[in-house]
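Some structures are shown below for you to check.
Presented sequentially are two complexes of subunit A, the first with subunit B as partner and the second with subunit C.
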Partner chain A sequence: MRFLLLLAARSAWNRRLTLGMTLIAVALSVTLLLAVERVRLEARNSFAQSVSGTDLVVGARSSPVQLMLYAVFRIGEATNNIGWQSYRAIAGNPAVAWSIPLSLGDSHHGFPVLGTTAAYFEHFRYADSQALTLAAGKPFAELFDAVLGAEVAQRLGYRLGDSIVLNHGMGDVSLAEHADKPFKVVGILARTGTPVDRTVHVSLEAMEAIHLDWAGGAPLPGLSIPAEYVRKFDLTPKEITAVLVGLKSRAAVFKVQRQINNDTTEPLLAVLPGVALDQLWQVVGFAERTLLAVSAMVVAVGLAGLVAVVLASLGERRRELAILRSVGARPGEVFLLLSAEGLFITVLGALLGVALLALLTALLAPLAQAHFGLAFRARWVSADELRLLGAVVAVGLIASLAPGYRAYRLSLADGLTPRL
Partner chain B sequence: MKHSPLLCCCLTAACLLPLPALAGKAGAHVHGTASLQVAIDGQTLTLNLETPLENLLGFEHAPRTDKQKAAVRAMSERLSQPGELFSPSPAAQCTSVSVALDSPVLKPARQPAGDDHADLDGEFVFRCAAPEALRTLDVGLFQHFPKLRSVDVQVAGPRGQSAARLSPQQRRLAW
Partner chain C sequence: MTEAVIEIEKLRFRWSAGDDFCLDIPSFAARAGERVFLYGPSGSGKSTLLGLLGGVLVPECGRLRLLGTELPRLQPSVRDRFRADHVGFLFQQFNLIPYLSVIDNVLLSCRFSGRRRARATAAGASLHAEARRLLKHLDLEESLHRREVTRLSVGQQQRVAAARALIGRPEIVIADEPTSALDAERQGAFLDLLARECAAAGSTLLFVSHDRRLAAGFDRELSLASISRTDVGQQAA
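Right after this comes the complex of A and B.
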């Protein structure tokens, strides 16, 4: 038996080019299959990690998923702002324990700038009810203080005490700058693996102050209020983008949600973040299943190619098989030889696919972190992925039986009698 | 960047698609579907059901015939026994504490006019001796009200928030 396997290996090595190509096809298809599954799970995981302990997210009336995406994940833009009066009303609701106002819209080198209050550092939770911690410095206290997320500080190489200038609006190029009112970095947050990492945090008052002498999205010509005078103005914000709300009692969540959604003074929308995420997955689920089906088809194509290559090789290997038969190999052993070859390629392809996936994850994780603030952890193959791999190997095994059977039939009579 | 375009497409698509049971104010009135809000706080399990009357009765106007009046009575009795409609995990030892039903057809004084649609709101409160064992809720509405095809559920509990859609094939809610 061992002798037979050795023979199979040597014979395969002899045809390494064609088999190698097939191996690559199988490995790539397995990588694709696993990547689809992994992106699905990791995306869900990272999204779920990004908000914890918040009972309601409140914003302008739009779609709950859209509200979640811009308020928590900084993906997309708000359709509208909400008035400061509405925020005061929500914060003053007797059922509300704490509230964090969020004001978005400006950026710094492509990173979103978030105007908020000290409540953010006190009440915001991520992952498993973890509070934000500062890796260095302290929360903002002065008007033009800024606290950076870990990714912002690392990418742009900022340290405590550095001076930064915010851009008006979102985007990378040719944005108007708030150059007359630079901010001082007073704190850098510890890494969270959530969108917080790629956010620049300033106070709501500072957000208001840098826009004092602006109108219609541009600086007012001829009017410039120097940074040292802005404190003389009323810096109470007029509007904000969204509010994170924590309640005293969880059971009140649906009641408060109804109160806010039925508010007639301003069209507001309150969503339960966990519910909105599940609704997002319900919708995305269809696309995910389609992708999984497509990648399963790709694996099927890869395995079909494998069978084709092994079958095609039977022609050139007629002599080889005939010699094996003549020196005493039983037809059953020829069958095993051919089937083992297919199975071996499938298993090797699956292993190579896993290795390739690990490599890709390592290479692409920083990009996912940089663009979405989502942490894609490198990890070992999960039980679900093992099940997928098992299915691939099983299908590979069944497919390999075909060339084995054909060789078995042929080898009974063929090869020894040369047909010229 | 392999992940981002895919993720972006999915997310954009998600924003464009109409979502069921958008907000708490289930203002939408869709025959065949109902919304259920599940809140677990301490020992109290509160269920809020909001459904078009069509799902329960097959009509939404004030009962006119004796048959329709009987149907309203039967529905009211059925909903007053929440033990048959909602079965929380047995290990949690939940018992029904109160039921409050609110619907135009249950108030003879305020009849719904003409062809207007009408809803039924129900609040079902349970008290659970062992709330930590409360992990599932079997919803038996589908057996009793065959016109009901799906229930959009929102859960707020000690293990966080979640959403699910129940159907006659999928009657169990787990969190």
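Right after this comes the complex of A and C.
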């Protein structure tokens, strides 16, 4: 038995070029399969970590998923805003413990700008009920103060005291700048691994101030209000994008949700973050399963290639099998010899795939963090991934039985004299 | 006096029920230590006879005894073990496994047979030492032992194969045209070496060939046609 495995290994090494190519194919397909699974898991994780302790998210009436996407994950834009009066009403609801108004729509070098209040730094929670902490500086106090997320500061190389200019609208190449009213960086938040890292935080009043002399998405011609004078205006916002609400008692959540949804003064939507996330997973679940199915098929193609290569080698190995038979190898041992080869390559491919994934994770984690806000940690293979690997090896084993069986038949038919 | 090592009586074989018999041997025997030359042109059922003696084929009827053991009565896997323990095979060409070293090719016979392993080391030497000793006896110097087998000449390859057939002193050595790829000069030298080592190991040598000129040094010369009643002309290979 041990000798047979050694023989299989020596034989495989002798054909290392062709088997090596097959090994690479299997390894790459395993890497793809695991990568798809890992991206899926990290995306879910990162979404689930983005908000914690918030009982309701309130915005203009649209779909719950859309509201979550723009209010919490800063993906897409709000179709509609909600009036300041509605916010006052929600904040004043006796069941509400705290509320964080959110005003979105501007950007800075592609990073979203969020207008909010001091309540944000006090009440916002992420991951496992963790509060935001400042890595440097302090929350905004003056009108044109800005607090940067960790990723914004790192990527754009900002430090405390730097001056930044906001762009109107979203997107990297913005047409209009709020160049007349620059902001001063007063605080930089510690890294959270959530969309907060990619956000520029300013006060609601500042959002109002930079848009005083704007209308319909462009500066009003002939009207320019210098930064020194804006304080003379009423900077109470007229509209905001969404509200995060914390209740005094979780038990009241459905009652408050109903009250907000039934508000007759303005069409509002209040959603439970967990419920909305579940809906989101239902939407993307189909895409996830499709991706997983495609990568599973890639693995199947890899293994089919492996079987083809091992089968093709049988033709030139008939002489070798006859020699082994002549010195006493049983047909069953010939079967084992050939099956071991396929299994050997599959297991090696799976291991190589895991190693390749670890390498890719290490290399691409910063990119994924920067572009998608996905935090990939270097970690050992999870139980789910082990199950996937197990499935790959099991399929590889079953597939390897084919050349094993073919060799078994050949060696029975050939006996000691192969018909070449 | 000396017991029969190979005994065949009324043996018949055909590939399937509808076919003609391709072997029909009323009687054949070889004694211990005997060197038998069996003349058989291609198509005479030579390969079939080798398959029967090796235990990979089973006759339809008749007796086939090796060392007193009725081979067809054994389980297939027991026949495989019996072959490993008692019979050394030597083929025409390409006798070696290309990815094993010279020594490992020789030791291949010992991998599937504890008996051959035990007999090879009976004199007290290690398996490797015994393999090297045999190779040296077959005129293969130490410097060649480490060479890749595919880089040996055909004659050298056949001598390595002979060492594999002889190691562990099997009672029977069956050679199937082992000299056909050698030139006439080397054929004789190879035969001498083979005969000498078979004698040293006490093995019965059954040498099958289509070339009658090689029969000179053997104890007995037979023709497959003379021991088998089938009409040679009708057989396929």
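We take it that the second predicted complex is superposed on the first by the 405 of 420 C-alpha atoms of A that agree within 3 Å, B and C clash if a C-alpha of one lies under 4 Å from a C-alpha of the other, contacts with A are read in each partner's own complex, and residues count from 1 in each chain.
Basically, a residue touches a chain if its C-beta (ideal position, glycine included) is under 8 Å from a C-beta of that chain, and two chains touch if they have at least 3 such contacts.
Nothing here was measured: the structure is a model prediction, and the numbers come from that model.
Judged by the touch definition given at the top, the superposed model places A:His123 against neither subunit B nor subunit C. Contacts of A:Phe254 after superposition on the shared chain: subunit B is touched, whereas subunit C is not. When the two structures are aligned on the shared chain, A:His201 is found in touch with neither subunit B nor subunit C.
Applying the stated contact rule after C-alpha superposition, one finds that A:Leu367 touches subunit B and leaves subunit C untouched.
Look at A:Arg10: by the touch rule set out above, it reaches subunit C but stays clear of subunit B.
Touched residues of subunit A were counted for both subunit B and subunit C, and B has more of them. On subunit A, the surface touched by subunit B in one complex and the surface touched by subunit C in the other have no residue in common.
Note for the complex: subunit A touches subunit C at residues 3, 7, 10-11, 13-14, 319-320, 322-333, 412, 415-417. Those residues of subunit C lying in contact with subunit A across their complex are 47, 50-51, 54, 56-57, 76-77, 80-81, 83-85, 89, 91, 94-100, 108-109, 111-113, 164, 176. Interface residues of subunit A, counted against subunit B in their complex, comprise 35, 39, 43, 52, 55, 63-66, 69, 75-76, 249-251, 253-254, 257-258, 261-262, 269-276, 278-280, 282-284, 287-288, 291, 360, 364, 367-368, 371-372, 376. The part of subunit B that touches subunit A in the complex is made up of residues 1-4, 6-7, 9-11, 13-15, 17, 19-25, 37, 39-41, 44, 46, 48, 154-158, 160-165.
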